[in-house]
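Next up, some structures in structure tokens.
One chain, chain A, appears in both complexes that follow, with chain B as partner in the first and chain C in the second.
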Partner chain A sequence: MESLVTLGLSTLSLFGFYALLALGMGLVFGQLGVVNVAHGEFVMVGAYAMYAFDAVPFPLRVLVAVVLGVALSLLTERAILRKLYVRGMLATLLAMWGLAIVLRQLAEAVFGATPRSVASPVQGSVEVLGVQYPAYRLVVALVSLAVVAVALIVVYRTSLGLKLRASIDNRDMAAVLGIPPRLMIAGTFAVGTTLAVLAGALQSPVLGLTPGLGVAFLAPAFFAVLVVRPGSLAGPVMGALVVALLSSLLRRYLTETVADLFFFAALVVLIAVRPAGLSWRLPRWSSTRSKQPA
Partner chain B sequence: MIAALRRRVGRGHALALVGAALALAAAPFLLLPYPLTLLTLALVYGLFAFGLDIAWGRAGVVSIGHAAFFGLGAYGAAIASARDIPVLLGVAGGVVAALVLALVIGLAGLGRRALASTMAVLTLALTLAVSQGARSWTGLTNGSNGLVVLSDSGVVGTYYRTAGIVLGTVVVVWLIVLRGSLGRRFVAIRLNQQRAEHLGIDPWRTKLIALLISAGISALAGAVAAPVIGLISPSISGIVMSTEVLVWLAVGGLGTITGAFLGAGLVTIGNQLLGDVIGSWYLLMMGVLFLLVVRFAPEGLVGVVRSVIRRPLREKAAGGAVLAGTGAPPPDRSTATAGGPVLRARDVEKDFGPVPVIQGIDLDVAAGEVVCLIGPNGAGKTTFLAVLAGEHVPERGRVWIAGRDVTARPAHERARMGLGRMFQIPSVFLELTPAQNLALARAEGVHPPAPLALYDRFTSTDDMLAKDLPLADRRALELAMALSWGPEILLLDEPAAGLSHEDSVALARTLREVAERTGCTLVAVEHDMEIVRELADRVVVLADGRILVEGSMDEVSAHDEVRRAYLGVA
Partner chain C sequence: MVVHTFEAAGVIRRRRLAVAGASALLLALSACGGSVGGGDSAEGGDEQGPVKIGMLAPITGPAAPEGIALQRGFDLAIEHINDAGGVFGQPVEVVFIDDQADPATATQAAQRLVQQEDVDYIFGTITDDTTIAAANVAEQAGVPMSQAIATALDFCSPHFWPFGETPTQLLTDLVPRMVEEFGPNVALVGNDYVFPRTYHEVSRQLIEEAGGTVVAEEYAPLGTSDWQPVINRLGSAAPDWILSAVVGGDAVSFVQQADQFGLLENRGLTGVSVDQQFYPALGALLDGRNQVVRYSDQLPGDVNEQFVADYRAAYGTEDPIPGVAGNAYDGMRFIAEAFEQAGSTDADAVSAEIAELEFEGLGGEMTFDPDNHVALAPMYLTRIDGGAYAIEEELGVISDDQVKDCG
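The block that comes next holds the complex of A and B.
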């Protein structure tokens, strides 16, 4: 019973984190067709922002990190991506990887390679069904999931969300109907990557801060986007739940290395079985059509 | 044999090879030990970048975790030297491990419906997994402390061995792969996968082969690098190394051997000169450089130099591949079956989601017959053509080519059986010259006929790219490619769309003439009734995904239902 509760709690904690990441990545891919391989580095930026502005009270610092994230992502979209959309997915992918290198090395040049830590604003632990669990992890998981819920409500229940979904579905048609394509692109990129920055800021007290910390999050986030039926923006959130459950199960029973290897193997198998999982731009029928003639 | 060699090796190549060999041989007499060690390192890193280039620059397979393969090779050599196993055995082990991993991720990530980006994430996960494995498997790798590899042959000996292996590998791979049919296919799938498929090239297999060769070379580079680097630790297969090789190649210039070695050399030497002074700012600088190159100069240093010295357009377009075929007689086609319809469809149904587009079409086309499909918009003509060509899998029903059931066979296999394809929007290799387009099509041809005098104007156009041709010429080029490729059956989607009246009538006559002369079967979707009358032996009218009526043009146009459905006559 106790082990089950612990498993549930660690899944919840991971779920909150991955849900923010996957939602952001899914948004960016759906709207821009850009595979954001710098997504993990935006997490890193969020975490280091929390370290750098140590003097500011914690909630305010999260806000600072978010503002920083918005500025950084708008700058990225404007200076790097905008001219590259026409050159296709490979060009934007490489450019984002270039940005990832720059962000990593910048962090290393400024903060050094030694691990840093951020003090947690909530100390102590709470008892959940007879299990002691760090209070901060619980709080941050709930906050993350609340943000995800708000984001999904905006996407599915507001006119802004309707415009967003229309623009993802058919940008040219949406533009003809008066939805400004450029604004939608820049806005979606900013929201998507800022979600990653927010995830990094919230998670920073439980992370060991190194410049390379973001790299490890790319594969799980991608996995989460791939794992579910493409086409809905809620999909990656469900995917994040699957990933969180899988990795807390693996970590529980195996050493970290073996768990990572299993995770990698699962990724390979998933891609072999559902190769077009990520392609939201394809109409539904192409991914659901599996009834090949015998 | 000699002729084949002569076709692949030009005089310039031979001169460059001799020059490179002489320069490499002379270096130890000119350089002090430290610069010589640096040059040795630059050479193995250059080989690594060359390996990555086979996948990324030539075949368009992106990998952001190539150090995984490099590290496997390096660990193979290091473990062998630490345990007194023969070094060759260790190297072979590392290379085989790299090939196996490349095969696994290639089969998954280069599958039929996988996206190009999938490989990026897979290779990233691979480099993380391999370096994590090297860190944890301490019994074999000595964990984070790494393994020391001692070189037994001194600075000069190590240099000569390294230079020999590097030069040898590059020459062999260049001669066999890049100048051979594989090199040509790399160009084809990178520039236009759709057209390559319909010329009978298997894009997935070709990319997988490119990845395997690339992984093998990278692992070999790692093995050669081990004694040069001296200490093999998990970071050798980590993310920083993976990133660095991307930077070398991007800076030097994708798709060129010079670029790979130039980039690796400059960055490595720069790192040694500046790395101590500015520390981690150096890597930051490299990152910025990479970003700038991707954003502003996607062809790298070599590209910049080339645009200055203005090499002929065709050389740049071909990227060092030999696009013309051997001229050897191709193997006989398997399609030549006596009697029976050459193309046959039964009960074909195709839906797009809830929308039924084709609702049960039966069609038999005899060898040498010219069939035109007509019908109002939305009748399913183009979709039906795509089902025949293998681009769509039908929900129900079967398709046969020359008596063989091809319903589940992909487009390139159908092309190998002699099924040619022309698109509504002409699909040619835009980045090649018209002459190169034709040469490539002929080289891939199943049964290329004697060159048609009609196309002399294309074979002689070698100083402009196909993308600069006007639409009508592009369409003519596509037709020329399809015909010089030598199809048994040719599917055409509105061949006359966008052409002037005179041009379309001329086109129809050409098609008719070709069909009569070569016995090629034609199935065309066409709107222009005059063309149809000129062209067709038989007209098939589609409406709402079904065959309404078929027969000669006169029979069809006399039919009441056709007049109602298609001609709009009440």
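The block that comes next holds the complex of A and C.
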């Protein structure tokens, strides 16, 4: 029982983090068709923002990080991506790859290579069903999931979300109907990457800050997006749950190195078997089945 | 038209091949020439040219914190050597290459150093795999080489003289003291590569000799950011103290998360993860803990005081000075002295001097074991106190009987 609770809690805390990352990455991929390989570096930017503005109270500092994230992502979209959309996915992928290197080097130039840390605003631990768990991790997981929930409500229940989904489905048609494509693109990129910056800011008290810290987060976020139906916005969140659960389960029973190996192997197999992504809605399963010729 | 360009491209490609072939041949020739040339210059006697050192350090990439510290200590040594008149009465020349902690890059860099730059000595690098990659190139070219960071290198050659501390030197006194202070049950943790595993092979043996037991042993890949499962397993083994060979940014993540999960409550912690370079990030979590080092900026003596003052002035830092910087400073001055004594840049003559030299380093007299090439210098037990790795006790020179074929 106790180990089950521990497993659940570690999955929850990973899920909160990955869900923010995957939702952001999924938004950018769905709207712009850009594989944001600099996603991890935006996490790093968020974490270092928390280190840099040490004097500001923690919640306010998160806000500062978010503002910084919005500014940085709008600048990126304007200066780098806007000219490259027409050149296709490879061009934008390479550009983002380059941006990732620039951001890492910039962090190294500004903050040096010595690892840094951010003090946790919530000390101590709380008891959850007989298991002591760091309070901060729980708070962050809940805040992250709340942000994800709000984002999904906006996407599926507001007129802004409707415009966004329309623009993703068929940008030309949406433009004809008066939804400004440029604004939708820039806005989506800003929201998507700022979610990564926010994730980095929230996670900073549990991380050792180095310029290369973001590299490790690209793979789980990317897989979370890949295991679900492309273009789906809620999908990556489910994907994040799959990735978090898989990771905690494997690492619960295997050594870290072997677990890592199985983790990546399992995801590659999953994607090879269902290249169109997993579908999480039962009706969809039945509808695909019914379409198959007898 | 199309055919024409096609042909032209073909010609160019053939020419490129020819050029590539010729340059490969040239490279091979110059590789042979390098060692012969080295022999020639040895005959030169009193008319020695300037000593040229090839310096390798990963100042970018995952080992950058250590790489930059290495470079800083080395640069200060060169500055001080040259201020004092250099070697053979001429300033020492340095060719620096960033190996990015990548063995392939290190191999190419070492090749450039011995073939194009014709260096007399190679200094570096940080991770053992890149050091071995460069050392293989150096060995083939007959160029002597040294590294300067704590190491579990399974490599030796007649001209390879590592200044790094061995696990045995770091752990021999530390382990029994920790067993006595905290208790017999020990948890081992580290990143998953050669150094931490060798480090823990040695520590396991020492723990058992001290009457202790290893109750858990965990390794995670470099770049692990989430340590929950490892911390859970370590915690459920209920150790009295934890010996950690987690390095780099991971060390900070691990120690911080271990603290948040309550793993460090009333438990001892020591090992590579409490080294000086992690103090700026971990601060209070390390205060009061013990560590065995060869170099600390708290060492007494004028030479060290001068080094510390110059280091702080040159790099504008008040953080504890990493041990690798002290090792690099001592190592390069040791090598310069060996060149001076040998009176030539001939590899055999320089290595013969290194094997016999007794050099006054920052922490005391430094020599090499002539058989297994382990650097011997006094070790110190320190207690970490507000960023100062304060000397509690001089432990003297700790020998390491590992058997290595250096002949």
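Basically, the second predicted complex is superposed on the first by the 273 of 294 C-alpha atoms of A that agree within 3 Å, B and C clash if a C-alpha of one lies under 4 Å from a C-alpha of the other, contacts with A are read in each partner's own complex, and residues count from 1 in each chain.
The working rule: a contact is a pair of C-beta atoms (placed from the backbone, for glycine too) under 8 Å apart; a residue touches a chain by one contact, two chains touch by 3 or more.
All figures in this text were calculated on a predicted structure; none of them were measured in a lab.
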item	value
Touched partner set for A:252, first chain B, second chain C, both or neither	second
First (chain B), second (chain C), both or neither touched by A:93	first
Contacts of A:105 with chain B and chain C, given as first, second, both or neither	both
Comparing the two partners chain B and chain C, which touches a greater set of residues in chain A	B
Which of chain B and chain C A:269 touches, first, second, both or neither	first
Touched partner set for A:85, first chain B, second chain C, both or neither	neither
Partner chain(s) touched by A:116 [first = chain B, second = chain C, both, neither]	second
Chain B versus chain C as contact partner of A:208, first or second or both or neither	second
Which superposed partner A:53 touches (first chain B, second chain C, both, neither)	neither
Partner chain(s) touched by A:216 [first = chain B, second = chain C, both, neither]	both
Residues of chain A at both interfaces, chain B in one complex, chain C in the other	105, 108, 113, 212, 215-216, 255-257, 260
Chain A residues touching chain C - in the complex, by the definition given at the top	6, 10, 13-14, 105, 108, 112-117, 120, 125, 132-134, 136-137, 205-213, 215-217, 248, 251-252, 255-257, 259-260
Chain C to chain A touching residues, read off their complex	59-62, 64-65, 67-68, 192, 218-221, 223-226, 228-230, 232, 248-254, 256-257, 260-262, 277-278, 280-282, 319
Residues of chain B defined as touching chain A within the complex	60, 62, 64, 104-105, 107-109, 111-118, 120-122, 124-126, 128-129, 132-133, 135-137, 239-240, 243, 246-247, 250, 279-281, 283-284, 286-288, 290-291, 294-295, 298, 351-353, 393-398, 407-408
Parts of chain A lying in touch with chain B, wherever the complex brings them together	35, 37, 80, 83-84, 87, 89-91, 93-95, 97-99, 101-102, 104-106, 108-109, 113, 212, 215-216, 218-219, 222, 255-257, 260-261, 264, 267-269, 271-272, 275-276, 278-279, 283-285, 288-289, 291-293
